[in-house]
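The chains carry the letters A, B, C, D, E and F, assigned in the order they are written, with residues numbered from 1 in each.
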Amino acid sequence: MTKNILVIQRTAPYGSSLGREGLDYVLTSAAYDQNISLLFLGDGAFQLLSNQQSKHINLKNQLSALEVLPLYDIENLYVTQEDLSERNLSQSQLGIKVIVIKRADVHNLIEQQDHVVGF
Amino acid sequence: MNVSLLILSEPYSSQSSLSALKYAKAALLAGHSIPRVFFYHNGVHTGSQLQTPQQDESNIQQEWVELANEYKLDLVICIAAALKRGNLTVDEANRYDRQQYNIEAPFELSGLGQLLDAQLNSDQMITFA
Amino acid sequence: MLHLIQKSPFQSQCLNECLKIAGANDSFLLMLDGVYALQWPDFLNNKLIFNDSENTDKRLQKITVLEDDLLARGLVIPETHKDSIVAINYTQFVELTLNNSKTLSWF
Amino acid sequence: MLHLIQKSPFQSQCLNECLKIAGANDSFLLMLDGVYALQWPDFLNNKLIFNDSENTDKRLQKITVLEDDLLARGLVIPETHKDSIVAINYTQFVELTLNNSKTLSWF
Amino acid sequence: MTKNILVIQRTAPYGSSLGREGLDYVLTSAAYDQNISLLFLGDGAFQLLSNQQSKHINLKNQLSALEVLPLYDIENLYVTQEDLSERNLSQSQLGIKVIVIKRADVHNLIEQQDHVVGF
Amino acid sequence: MNVSLLILSEPYSSQSSLSALKYAKAALLAGHSIPRVFFYHNGVHTGSQLQTPQQDESNIQQEWVELANEYKLDLVICIAAALKRGNLTVDEANRYDRQQYNIEAPFELSGLGQLLDAQLNSDQMITFA
């Protein structure tokens, strides 16, 4: 039975491996035909930045991995307007298509899911 | 009811690992079941049988082993996260031509599908980080 | 839903972030270094979570703190919040998680 | 003395704590997730460390950021701070540490 | 030759092992006849709280370990008034004798040392 | 001049370990010396020879080994922090009656006095966490 699962990515890419490991969980879950949504909360918003050149630090590119998600029919990627603003980021700086929501809508987004897990 | 655990913390660097053990014991004593304990990120170090704490310190690997034996717990370490961090069963050691290993049953290495399975088939999944 | 606060609010922004998205009916458990939130004015004075001045029914256990973590650190629940914050043991922690539809850890 | 800022200021209070005790002549290197300080208004507008409006001599390298970490994350030095923040490589990082009497890491 | 070494303890006890491991470094260094000072900065101030009952979490008592320091002639323990105030702590709640300084004095304290390391 | 390193981070959970390697290489290339690299806290996992990263990932233990061999570096892991976390040389494995081990030369286990010695005898000590 297909369930709705929300994975919350709360960490910036690279400094910690948690963002990458959270994404690996998303890719695994997608392969099992679950209905996955991703919420980039707080510093998770930095995962969306375009022009990431992670070859300079010998780590795999987080944005390139995120770009694979549509192939798995994962298209519900969310970020809040407030997290972008507080980080001085505009939508034009993001490297993939995301749905920008209000912080006030996050609680509802979580409550709508069958399962939630944060990385 | 049933609750699974996701453990992300290094066993001796964070109190979180001790808290997870207490939670697991309390849940089992209350008659709930724990379909799976999944170790990921820094948590993959939890299963190393080489842990040699001082006598007045908890032996975290041993405590999980005892709990697993008593309650038939499923202790799964993420294989991809474990291999890079140096946590191998004898099978993996053979596969990668290593002479040594540090993970034994009841701990086992498996994929992230086991975490998804735990999340889907538990009333709750609690993360300790 | 239940929020598990696992880091000190003086060191990590995680409690701050949690409070930004929490709902008025959410429950909270302070655990591990998260219990230091008891010393943090921004938490104790938070209008969202300490909103229900008439409801002092402790059975609701909306704001809880793990007693072992409290005692270990030499902390106590502030006098001002004796009616709104409840210390619980691990058995109650288990019940709390299972009585909520979702649990989210903040670290 | 030199401060190595190793965590994001949006997640950790470490940069905040560093700025509270830093001296006016201290040097700073943003590295690892510390480079996200470039997106943090409280850092960019900090009067203590960006105090010397007349001194645009880049050789002083008072505020630096590790170029590899900057590029990896898709960040750039803001236009407003092109004269006051310098991107450096690891060879310069080494020199910077050795040119200071003390180095303190914040994490 | 005896050097002046400042060890800065920045973490609360127990949640992370770093506070304990930093203290182990202090105790080792003291045994080698160095002139050690400790600065409890930020959440490090929580290490000083009296009534710590760490047996409840199966970890060694941090305060008890700090109480040993005078036996090693380590008596320069510092905490800032501002860190105490921000954490709603008064001096009477501290379990060992410390020197309360102003935050503005921390920079000088560091500069006076031969070596500094933070945990 | 000379600079020692204190490494507190888990090799694969934090980018810090990669940064420390780059710093060490740059310092050595510039003609400076590194009297000691000391691994403490989560950093004690750096020396595990069981690390089995994917082929497109850095092998951090191996990179330290190569650097140590080229420049005769002194790679010291804190013995107390390492034992509890399951990082043992064959000598320690024998001492504690373990059949397996995971630390070999040029990594060695030693006490915190080696960290003090590094701090006292270096122009700088840089912490990577």
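Remarks
The rule is simple: a contact is a pair of C-beta atoms (placed from the backbone, for glycine too) under 8 Å apart; a residue touches a chain by one contact, two chains touch by 3 or more.
Here the structure is a predicted model, which means the values were calculated and not measured.
Shared contact partners of chain D and chain E are C, F.
Look at the CA centroids: the one farthest from the centroid of chain C belongs to F.
With centres defined by CA atoms alone, the chain at the far end from chain A is E.
Of all chain pairs, the one linked by the most C-beta contacts is B-F.
Between the CA-based centres of chain B and chain D the separation comes to 39 Å, rounded to the whole angstrom. Distance between chain A and chain F, defined via averaged C-alpha coordinates, is recorded as 34 Å.
The mean-CA centres of chain C and chain E are about 28 angstrom from one another, to the nearest whole unit.
Listed for chain D are residues 6, 10-11, 13-14, 32-33, 68-69, 102, 104-105, each touching two or more other chains.
Multi-chain contact residues of chain E, defined as those touching 2 or more other chains: 14-18, 42, 57, 59, 115, 118. Counting partners per residue, chain F has 8, 12-16, 19, 41, 57, 80-81, 125, 127 as the residues that reach two or more other chains. Across the whole structure, chains are in contact as follows: A-B, A-C, A-D, A-F, B-C, B-E, B-F, C-D, C-E, D-E, D-F, E-F.
Across the interface of their complex, chain A is touched by residues 1, 13-14, 17, 20-23, 26, 101-102, 104-106 of chain C. Every residue of chain A that touches chain D in the complex is listed here, in rising order: 11-16, 42-43, 46, 49-57, 59, 63, 86-89, 93, 95.
Residues 3, 5, 17-18, 21, 24-25, 28-29, 31-32, 34, 115, 117-118 of chain E are the ones touching chain F in the complex. On the chain D side of its complex with chain C, the touching residues are 10-14.
Every residue of chain F that touches chain E in the complex is listed here, in rising order: 6, 8, 40-41, 80-81, 111-113, 115-116, 119-120, 125, 127.
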